[in-house]
Amino acid sequence: MDPKLVETKAVEVIEAGRFLYDRGWVPATSGNFSARLDRDHAALTASGKHKGRLTRDDILVVDMNGKSLDPGKRPSAETLLHTTLYRFFPDTAAVLHTHSINATVLSKIAGNAEAVVLEDYEVLKALQGVSTHATREVIPLFPNTQDMNALARDLADRLERQPDMHGFLIQGHGLYTWGRTMEETRRHIEAFEFLFACELEMRRLSP
Amino acid sequence: MDPKLVETKAVEVIEAGRFLYDRGWVPATSGNFSARLDRDHAALTASGKHKGRLTRDDILVVDMNGKSLDPGKRPSAETLLHTTLYRFFPDTAAVLHTHSINATVLSKIAGNAEAVVLEDYEVLKALQGVSTHATREVIPLFPNTQDMNALARDLADRLERQPDMHGFLIQGHGLYTWGRTMEETRRHIEAFEFLFACELEMRRLSP
Amino acid sequence: MDPKLVETKAVEVIEAGRFLYDRGWVPATSGNFSARLDRDHAALTASGKHKGRLTRDDILVVDMNGKSLDPGKRPSAETLLHTTLYRFFPDTAAVLHTHSINATVLSKIAGNAEAVVLEDYEVLKALQGVSTHATREVIPLFPNTQDMNALARDLADRLERQPDMHGFLIQGHGLYTWGRTMEETRRHIEAFEFLFACELEMRRLSP
Amino acid sequence: MDPKLVETKAVEVIEAGRFLYDRGWVPATSGNFSARLDRDHAALTASGKHKGRLTRDDILVVDMNGKSLDPGKRPSAETLLHTTLYRFFPDTAAVLHTHSINATVLSKIAGNAEAVVLEDYEVLKALQGVSTHATREVIPLFPNTQDMNALARDLADRLERQPDMHGFLIQGHGLYTWGRTMEETRRHIEAFEFLFACELEMRRLSP
């Protein structure tokens, strides 16, 4: 692995962490982030770190089976969700997973629904490839589990059925989204968080 | 076009962008801003930029038909709304368009109403020409559309009928407001956002 | 008037403005602030200024009848409320008036009540002289008006009847509070804003 | 007492104060913080200080009976709660007490309940020793009182019955939490505040 490439991508991840922590979307060491290095590798956050104060040392390299290439470092428990996304989407360059209050609550009140659906918001156009508010954004919803192998398999199945998704939610847990650049991925996070906030407000006002 | 004037106005737009982004009112590259250059031209944000990190390069000059004078740059899709306002109000010096959570939700729950009406708030006095809380501020509400020609025509019609408006809302989309200086326009944004927040709170408490 | 004293007090007012604006409690040039200079004079904010960016020039000296001693500067429309407080409370050294979302909404939903009452909050102990949560803080509520002479008279009457108040609300308008130092007055603002936020939450949850 | 150790721990407390004040969790001089020095002593905040601007002078040393070793300084009224925790948990290195809006409201609406219970949130894993969202976090709830001796005795009793607690609430007052390092204690505060915010949102949406 080219150390300069790892360095560059580590900086992207560290900066994303600072941005997301400042917004309150990765409190108490929650969340995990990654950036693709090449077809077979990604730079990923180590487990249990403060996401607003990441250093180069908190980033490790994993292969697409989620195996750490940095023997001393333990990758995030949810590494397999990242690698499942990189394998499915060849042009995905970054994956961000956040735990915001709004994503947590919206995913919990959705109950047994298969997805949260957002419609008729101008900001939906911030999602890659969406060109009108008159769209129907289906955000898959998975029950929470500590069994990451099972969740990664469910995600792979769902990606086959719904390859046009821009993100997914895990119940009581948070959001995963991705993009063709780190910049696009951060835009997706901002868009989803804005939309979740609007949607909860709507439900509060017309329960 | 005097390049020093363009430069000065670009700085106004860039600073307004930083301010509005920091408040969370233009997330995920949403929003667009402009400042009048002379009777026939305005400096306007290019399409799709991060509004909190605008640079001189993200600003272009348009004429009052919305045509870009900077061939390499694509103006915001909503340029015609800006130019319609500049043509109607000769003393308008700046136009700001934001996408806040509160403006989005308030405009959506208003349903088929023609306007959102605000009354009996002291902060209404921050709107240019208003000198008492005992006023009735009528904020026109337009259905959202991607057809900017149609929306610009509707806006022009509405301006004829209600020339004393200080801003308008597009449903599920956001707020437009303007002023005789950029400073006044920023004051209008702050006032409207404050009032939208109050109004939603009021509706939450007495649905 | 000793220019060094005016300077010192102007700095107190400017810093309070920055603090209160950053919290979002004086949006869109709303609010006004003052600091006592001596028995008969106070330094006060001029009308219509941005409260987060006050400069020495935005502060003027008034006597206790609200008359400006700086001929070129127009004092805030609400000067008489400040001077009424300074005359009634000889040990009051600062008066701060804010327009927060919570104060605005809480004062509006209170309807025709004579006061908003807060009980059983530990933070009540932040109000000068209160030593237990088991207290009953009565915050007088005045209907809004643009007639400041009338409002100042009503305030004077109410002060006679309820001299132990720590602040009052004007409907759809905001909060006045004061203290024996600027520091104490800022503590009162923080305490009231915290309590208003709690109280609105309580009402939202058990309407 | 080794002055260098006191210095180091004072810095931890001062920085925690800045962090917590910036979040709005210790408004108006509320809250108090401590860090263990050795088996028999802790560094603790003095009474009534602004918690976002603590200086070395605002920190004093107490023994585990709550007696100040700095004669000129008055320890926080709630010192006995800190020392009760240090005596019960030999590995506790820091105690933080905050007064947030969410903790205040959640504790008040809980009425006569003995505890607030949180379940099925991924962020529960941020609490020391919790490894799954499928847990049941029981947060004891004490009625508010100004009698700290009585409250400290109640706390000691409850600790005997429920030694696995990570924090407790006092009604209308706030949260106490602790940890084996100041870093862990700050993580606990962030986790609890996140969970309280989620829980209130849930209750607002399905009352």
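In order of appearance the chains are A, B, C and D, and numbering begins at 1 in each one.
Please note the rule applied: a residue touches a chain if its C-beta (ideal position, glycine included) is under 8 Å from a C-beta of that chain, and two chains touch if they have at least 3 such contacts.
Chain labels with UniProt names: A, B, C, D = Methylthioribulose-1-phosphate dehydratase.
Just so we're clear, the structure is a prediction, and the values are computed from it rather than from any experiment.
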Subunit B against subunit A, contact positions shared by both copies (same if over half, else different): different
Most distant chain from subunit A by Cα centroid: C
Angular offset of subunit A relative to subunit D [C-alpha, multiple of 5 degrees]: 90
Averaged-CA centre spacing for the pair subunit D and subunit C, given as whole angstrom: 32
Geometric centre distance via CA averages, subunit D-subunit B, whole Å: 45
Residues within subunit D bordering two or more other chains: 204
Contact graph of the chains (line, ring, star, complete, other): ring
Of all residues in subunit D, those that touch subunit C in their complex: 27-30, 50, 99, 101-102, 104-105, 108-109, 144, 146, 170-174, 200, 203-204, 207
Contacting residues of subunit A [partner subunit B, same complex]: 120-123, 126, 131-134, 183, 187-188, 190-191, 193-194, 197-198, 201-202, 204-206
